[in-house]
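As written, the chain order gives the labels A, B and C, with residue 1 at the start of each chain.
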């Protein structure tokens, strides 16, 4: 199995785990775990394949859905042992983000040949599953927090793409992209990294605007 | 008209009615009724067709959009007579869920030939329209309630698929799947059926986590 | 450049600006501006292309993503000078709505040849980007407000389609559709135009229903 495919399976598994953890926080039943784990695990890649106009990856390969199901069951029986499920969710999400930023970029580049599209599909694949999870589970959206999130996906996708265009072996540019994306997002989680805030004021509620 | 196609039209009509009822609860205008009725009525099937990479069903056949429009107008002029629109919404949603679990599975099986994909497309088709309706109308999501919901779609899709793979006539496996899904969801609505809760604690709000 | 293509670029730019303004209201960082600007600017057209089963427009033409990026940066450095970002957001949204109602209808008509599909793709293209923006940014949904919104898109798409079917030059029917949609939505914003409310009562919260 090539390293990019491994990143793919790993990304699906950890995103599925974040979906199942969100289900646990909402005290859903086992089917709720399966559903949120699947949507989160395969949501980003599904969106990428629709955009690229290629067959959706999990329709022809049942491994992915199986991975989501196994992960959901394992989390169902172990989530209560974790002290803070939300922190675990955020860290697993960081791993998935890093894996999918490379994987999404690799597929975008392979199919369109355009580095610009590659960076965008990397970013979308990495972030879409988490956005969907937060919307469906009613969690606060990772998008709206001050800490760096989308940027990490952008960095990973850009580094992989640059390395691949420069002719590096895929395992090198893939690992470099993964490591960079995880470092950026991990730093944001651990140290609260955020861009310096631009002088701006928060929006008023629409009903308070004269 | 074959029985599966009938289920399809019926499913679109009742899901459109749930969308229009949600519009009535939010006191939208007639166009809001048309919009939410259409999104809910054809949303699940649209998503199924995108996933299966086949032409979207309502683009080539205007009957579906017409059904949604007629249903929206009828609900617009009658919804105030209903004592509890939310209860009616939930029961119609149960009928639509049962119809689409079979219809979605039948289309998935016909196109991919894979029983695993068939069960998943059945589940997605049956639940996606309602999830979209709740998101757009700001209703509490059916996904996050304790009563059985996704499970009913899963049961209907699995029974239809098993019957069809076993060589039963489509009308038999279709009716069996529909009846089973409706019985499961109806029982959940009437008697509060839910899976025994797993020992878990609710998630803390992110800002309360140290 | 033909007039319909110009409407397309203009629509992408103003929708991107509304996404960036929403990002400013939520005090996101520059990447948050880029992300919301892109999703809002190209979301409606992406959905249209998926429905029509044609290649997604921005995958083969990097101009669109570039426009979104430039607009996001400009708004990032100027949004604080605007007195009411929310009002500006609503007015730019009205321009984008009008442009996309024509553009979406034109593409739907060109590809399917069906006036009914044309009106629907016009409506969807015009409204989907804004709905996505409000969902992702946690803004109150334009859909749920009493003022006319979807109707304006419907009017623009219908007038363009009627004109085109009647054989008028595209620039005439396009401008007529744009002007009509903008007039309807602008009137709704300026004068609070809304359909006369139907005698209805607001929905109770689900937990208050016996």
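One rule holds for everything that comes next: a residue touches a chain if its C-beta (ideal position, glycine included) is under 8 Å from a C-beta of that chain, and two chains touch if they have at least 3 such contacts.
Which chain is which protein? Per UniProt: A, B, C = Glycine transporter domain-containing protein.
None of these values were measured; they are calculated from a predicted model.
K.L.:
Is it true that over half of the residue numbers where chain A touches chain B are used by both copies, so same, or is it different?
P.N.:
Shared-number fraction below one half, so different.
K.L.:
On C-alpha atoms alone, could you tell me the rotation angle mapping chain A onto chain C? Nearest 5 degrees is fine.
P.N.:
Rotation angle, to the nearest 5: 120 degrees.
K.L.:
Report the inter-chain centroid distance for chain A and chain B in whole angstrom, where each centroid is the mean of the CA atoms.
P.N.:
Inter-chain centre distance comes to 28 Å.
K.L.:
Mind pulling the residue numbers of chain B that touch at least two other chains?
P.N.:
Touching at least two other chains: 50, 135.
K.L.:
Show me the residue ranges of chain A that touch chain C in the complex, using the header's touch definition.
P.N.:
So the residues of chain A in touch with chain C come to 50-53, 112, 114, 116-117, 120, 123, 127, 131, 135, 141, 143-144, 146, 148, 150-151, 154, 194-195, 197-204, 206, 209.
K.L.:
Please give the residue numbers of chain B that touch chain C in the complex, ascending.
P.N.:
22, 24-32, 34-36, 38, 46, 50, 55-56, 59-60, 62, 65, 76-77, 79-80, 84-87, 135-138, 140
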